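By written order: A, B, C and D. Residues from 1 in each chain.
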C-alpha cells in the first residue's frame, strides 16, 4: 500500500461517491456540488499522475467556469426539486440493464486489454507542461484554431439564444 | 505505483454512473451535468493512457475536450434558459414536442 | 531578342482586340471598332514579321529554337501540358499566311461588312479566330494545339452562324460544329494514344522519341501504334479540313459572310489539318499504311469535289468545292511524302483562294447579294478590278505558269508521280487539275462574260470601295509571285521553299530516289503535261460557255442521272441523314427518352420518394417525443457499436483501432 | 521524543509553518480592519476607533470577541447543508491561497534544517492560485442562494456573474508576466525580475507590463468584491448582499475570507509586477541593506514620543514600552549582519504588500460604486480586450527582442 495507492483510493472513492450523490440528490444545486466534488477529485488524480497542468486547467475551467455557469443558471431559473414523472416507460424499464451492460463491456474491455495497461507507471513530471504546450501549438495547431472558432460560435449562439426578443 | 487499469476502471465506473444519471434524471440541467460527468470520465482515461505511454497528446486531447465542453455548456445552458422561459418547466418529460 | 522571348505577344494581341471589341464595342461607331480590330491584327502581323526576322537572324547553333515555356497549364501525375509556344520554319510559313492574309481580309471586311448589323461582334469573332489560329500554329505540344484547334472550330461555328436569324445559317453552323466534333473525337483519341505511348505530348521530345529506331515492327507495322495514332490524327484532319467523308460541312459553311469564307474556310482554318499532318510527319513517315490512306483520301477528295464543282451554280459553292479539292491536293502531297510541297500549295492556295473568295464577295457585293451565276454575266466591263484580280486568281488556281498555283500543283504531281505505285494518283491528280481549270473558267465565263442575264433596271452594278479592292490587288500580286521561290527547281535549280522547310520536314521521299537529270527531264515533261491539261480545261470551258451557250443544257439532258447526281453532290447528305441521323433520332426518342429517362430514372426517383414516405409512416411510432426515451435509444446505439467492436475483431481496423 | 521529531520532521515542520501562517494571517486580518477604519476615518476627517486601547489598537480583539459571542440564528427555510458549507468554503479557499505565496528568498536555517519561507512551492504556483480563486466563487454564490432570501440571491447572482467575467481578464493579464518569466512558479517569476540586479526597481515587471498590471489590479479588486466592485455586498442596494442572512461567526468567516483574499491579491501584485522581495535599489548599493533595520529606530522613537504625550494613562505606559522595544530591535538587527541580510526579502515584500493594502483602503475611501451594467460592459468590453492586447504585444515584443 504505497502512499500513491492510498491517495488514489481516497480520491477514487470521493469521485465515485460524488457521482452517486449526483444521481441521488434531487435538487440540481446539490447535484452540481457533488459534480464539483467529482471534478476536484479528478484534478487530484491528475496531480497524482503528474500531469499538473491538466489538473489546474480542470479546476479552473470546469470548476471555475463551467460549473459556476451551471450554478448560476440554476440560481437564475430558481430551479426547484425535480419532479418524479415516469412518462418514459422505456427509460424506466431498460435504463438500469443498459447502463450495467455498458459498464460490463467497458470493464471487460479493460480486463482483456494488454499488459501495458496492467503495469503501473511512475508519474512523470518531465517538463510536462512545456511538452504539452509545444505539442498543442505545433502538431495540433489547426485543431487548436478550430476550437477557438468553435468557442466564438458558441459565444454568439449563447447570446442569440439567451437574449429576450425585443417586443 | 498505481496500475493504469485502476484509472481505467475508475473512468469506466464514472462513465457508467454518468449514463445512469443521463437516463434517470428528469431535470434537464442535471442531465446536462451527467454529460459533463461522462466527459470527465473520458478525460481521466485519456490522461491515464498518456501518462502510461509517456506521450503528451492524450493530455492535449483532454484540453480540447475541456474547451469543447465549455462551448457546449455555453450553448446548452442558453437553450435551457430558453426552454425554461418558454415552457415554465425544466422537466424533460414535459418537453415532448419532438414527435409527429 | 525581344520578340522571340515574348512570342506570346503575337497571339495575345488579337485576343485583346477581340476582348475589347466584344465587351465594349457594342456602343462604338464602326471607325473605332475598325481601328481596334485592324490595329490588333496589324500589330500582331508586324510582330510576327519581326519574330521571323529575328529567327532568320539566329546563329545556327541556336537552331532549332527551343520552345518557350510560359506557364504550366495542366499538371496531373506524369502528364504535363504547358503553355509553350515554339517557332520554326513551318510555323513561320503558317504565321505569315495567317497574319498576312488575315490582316488583308480584315481590311476587306471593314468595307464588306460596313452596312451589316453586329459589326463589332463580327470583328470580335474574327480577332478571336486569329488568336486561336495563332495558338494552333505556334503551339509546342498537342494539347495546346488542340486548344487552338477547338477554338478555331468554335469561331468558325460562331461566324458561319453570324446571321443567326437565318435558319439555314445557324443550321450550317451547327453542322460544321458537329461534323468537326467527329473529327476531334478521333484527334483526341490520337492524343491519348500518343501520350500512352510516349508519355509526353511535347513535339520536340515526342518526335525525338518517335524517330528513335528502337521502335520495333509492332509499332511501325501494318496496324502498329504509329499507324493507329496517325490515322486517328488524320481523322481529326479530315474533319477540320473537309476531306472525305467529313467534307460535308464546308459547302454549307458558305452561309457565313464572304470574308469569313475567305479567311476561315479557304485560307487558314481548313488548312489546319494539313498543318497537323505536316507537323507530325515524323509519325506519318513511319507508317506506310497511314501515308497510303492519306494519299488516297486526299486524291479521292480532290477528284470527287472537283466533279461536284463542275455543275454548281452558286458562285461561292463552286469556290467551296474547289477549296475541298485543293485541300485534297495538299493531303495527296503529304500522303506521297512531299510535305514541303503540300505546305507550299497550302501557302499559294491561301493566296489565290482567298483572292477568289474576296473577289467573289466583291461580285456579290456588286450584284447586291446575288450569288447565283446563272443570274450574272457580262460583268467584266462593269467591275474591272474585280474581274482582273479574279482572272489572275483563276489562272493561278488553274495552274497556268508562271503563276503561283502552277508551281505548287506541279510539285505535288511530280512527287505523286515519283513514288512507286503513284501513277494512278498522278493520273487522278492530273484529271482533277483539268477539271479544276474547267470549272474555274466556267465560273469566270458565266460571271463576267456573255450577255447580262440579270435585270439591269433593278440591279445596278457598282465597283466595290478601295477598302475591298486594296486587298484584292495585294493578294493578286501575291498569287502571281507567290510561287516563284520554288521556280528554280524547274530549270534544275534548288527549290528554295523545300530547302527552307528542310530543317523541319524530312526532304520529300523519292525526290532523291531517281538521279537528278532524269528527275529534271521528268519534271519538265510533267509540267508541260499539266499545263496542257489546264489549257485543255480552259478551252473546253471556253467552247461550252462562250461558243455555244446552249450546249451545257443539252449535255445535262443527255446524261440526266449523272448530272443530277453531281448537282445533288452524290446525295451524300441524304445518305448521312438516312444512315446516321434518322436512327440516332429514333434511338434517342424511343430508348433514351421514353424508356431510360421516363421509365427508369423518373420511376426510380419517385419510387424512392414514396418508399421513404411509407417507411417513415411505419417508423414514426417509435418517436414518443420523450427525451429520456431518446437518451435510452442513444445508449442502445452506443452499446451496439461497442458490442460489434468487442465481439467482432475484424472491424477494429475499419474503425481505426490498432491493436 | 527527539527521535519522533526527527522521524517525521518534515510533517511537523509543515504543521508548525501552517499554524504560524494561520496565526499571522488572522492577526493581520484583524488589524487590517483596524487600519481600514482608521484610514477611512481620517479620509472623512473622523477619528475612527480610538476608545478601546490607545488609538483603538485593541478594537480588533473586541470585534473578535463580539463575533464569537453573538447569537447565531439560522433563518427558516434555508438549505442547511449549503448554508453551512458556503462560509467554510469561502474561508478555507481564501486561507489556502496564502499557502502558495513565498515570503522570502533564502530558507531559514534553524535546528539544522532549512525551512523555506512559504508552505507549498508548486511549479504551477500561479495556476494553482487561479484554480483556488476560481473556486472561491462558490462561497459567495452558494451563500446567496442557500439563504433563501431575495437580496442574498441577487447578491449571489451578481457576484458569480462578476467573478466569472473578471476571472478571464485576471488570468489573461498575467500571461504577459508568465511569458517574461517562462515559468508558473512564483519564485521563478521573482528571480526573473532579478535578472538585472544593477537595474533595481527598473528591472521589475511593472514597466514592461504596465498594461497588464492595471488589468490585473482592477480584475483582482473585482475578484475580491471590494469597492468599487462591491456590488454583491452593496449595503445601499442589497442590504448586505450575499451575507445578509449570516450572523456572528459565519459572517466573520466571510469577513476574514474577504480580507485574506485582499492580502493574497496584494501578494500577487507584489510578486508578479513589483519584484516580490527584491529591493528597489541596485544590488551594488550595499548600504541600503541596512535600510529595513534603520527605519525601525526613528519609528520606535516616534512611538515613544507619541506615547509620552498621549492622554490616557494606559497609553502613557504601554506606547513608550512598545516604541522602546522597536528601537532596541532595530539596533539589534543592525548588530547582526546575517539576520539583517535574512530580513531583507521579507521586509521589502511586506512593505510592498502594505502599500497595496493601503491602496485598497484608499480606493474604498474614495471611489463610488459601479452600476451593474457598467460593471459588465467595463469587464467585457474594455478590460478583457486590453488584457488580450497586452498578451499579444508582449508575445510580439518577446519574439522581436527576446524575454530580457
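Criterion: contacts are C-beta pairs under 8 Å (C-beta built on N, C-alpha and C of every residue); 3 or more make two chains touch, one makes a residue touch a chain.
Predicted model, so just to flag it, every value in this text is computed and none were measured.
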{"item": "Pair with more cross-chain C-beta pairs in contact, given A-D and A-C", "value": "A-D"}
{"item": "Subunit A-subunit D separation of Cα centroids, rounded to whole Å", "value": "32"}
{"item": "Centre-to-centre distance between subunit D and subunit B (centres being mean Cα positions), rounded to whole Å", "value": "37"}
{"item": "Centre-to-centre distance between subunit C and subunit A (centres being mean Cα positions), rounded to whole Å", "value": "75"}
{"item": "Centre-of-Cα separation between subunit B and subunit A, whole angstrom", "value": "6"}
{"item": "Residues of subunit D engaged with two or more neighbouring chains", "value": "none"}
{"item": "For subunit A, residues that touch 2 or more chains besides their own", "value": "53, 57, 65, 69, 74, 76, 87-88, 91, 95, 98-99, 102, 106"}
{"item": "In subunit C, residues with contacts to at least two other chains", "value": "624, 626, 628, 631-632, 635"}
{"item": "Chain pairs in mutual contact under the definition given at the outset", "value": "A-B, A-C, A-D, B-C"}
{"item": "Complex interface listing, subunit B residues touching subunit A", "value": "1-10, 12-21, 23-27, 29-30, 32-34, 36-37, 40, 43-44, 47-48, 50-54, 56-57, 59-60, 62-64, 66-75, 77-82, 84, 90-91, 93-94, 96"}
{"item": "Interface residues, subunit C side, partner subunit A - complex", "value": "624, 626, 628-629, 631-633, 635-636, 638-639, 642-643, 646, 659"}
{"item": "Subunit B to subunit C touching residues, read off their complex", "value": "19, 22-23, 26, 28, 31, 92-93, 95-100"}
{"item": "Subunit C-facing residues of subunit A, complex", "value": "87-91, 94-95, 98-99, 101-102, 105-106, 108-109, 114"}
{"item": "Complex contacts: residues of subunit A adjacent to subunit B", "value": "2, 4-5, 8, 12, 15-16, 19-20, 22-23, 28, 31-32, 35, 38-39, 42, 45-46, 48-51, 53-54, 57-58, 61-62, 65-66, 69-70, 73-74, 76-77, 79, 82-85, 87-88, 91, 95-96, 98-100, 102-103, 106-107, 110-111, 113, 116-124, 128, 131-132, 135-136, 139-140, 143-144, 147, 150-151, 153-155, 157-162"}
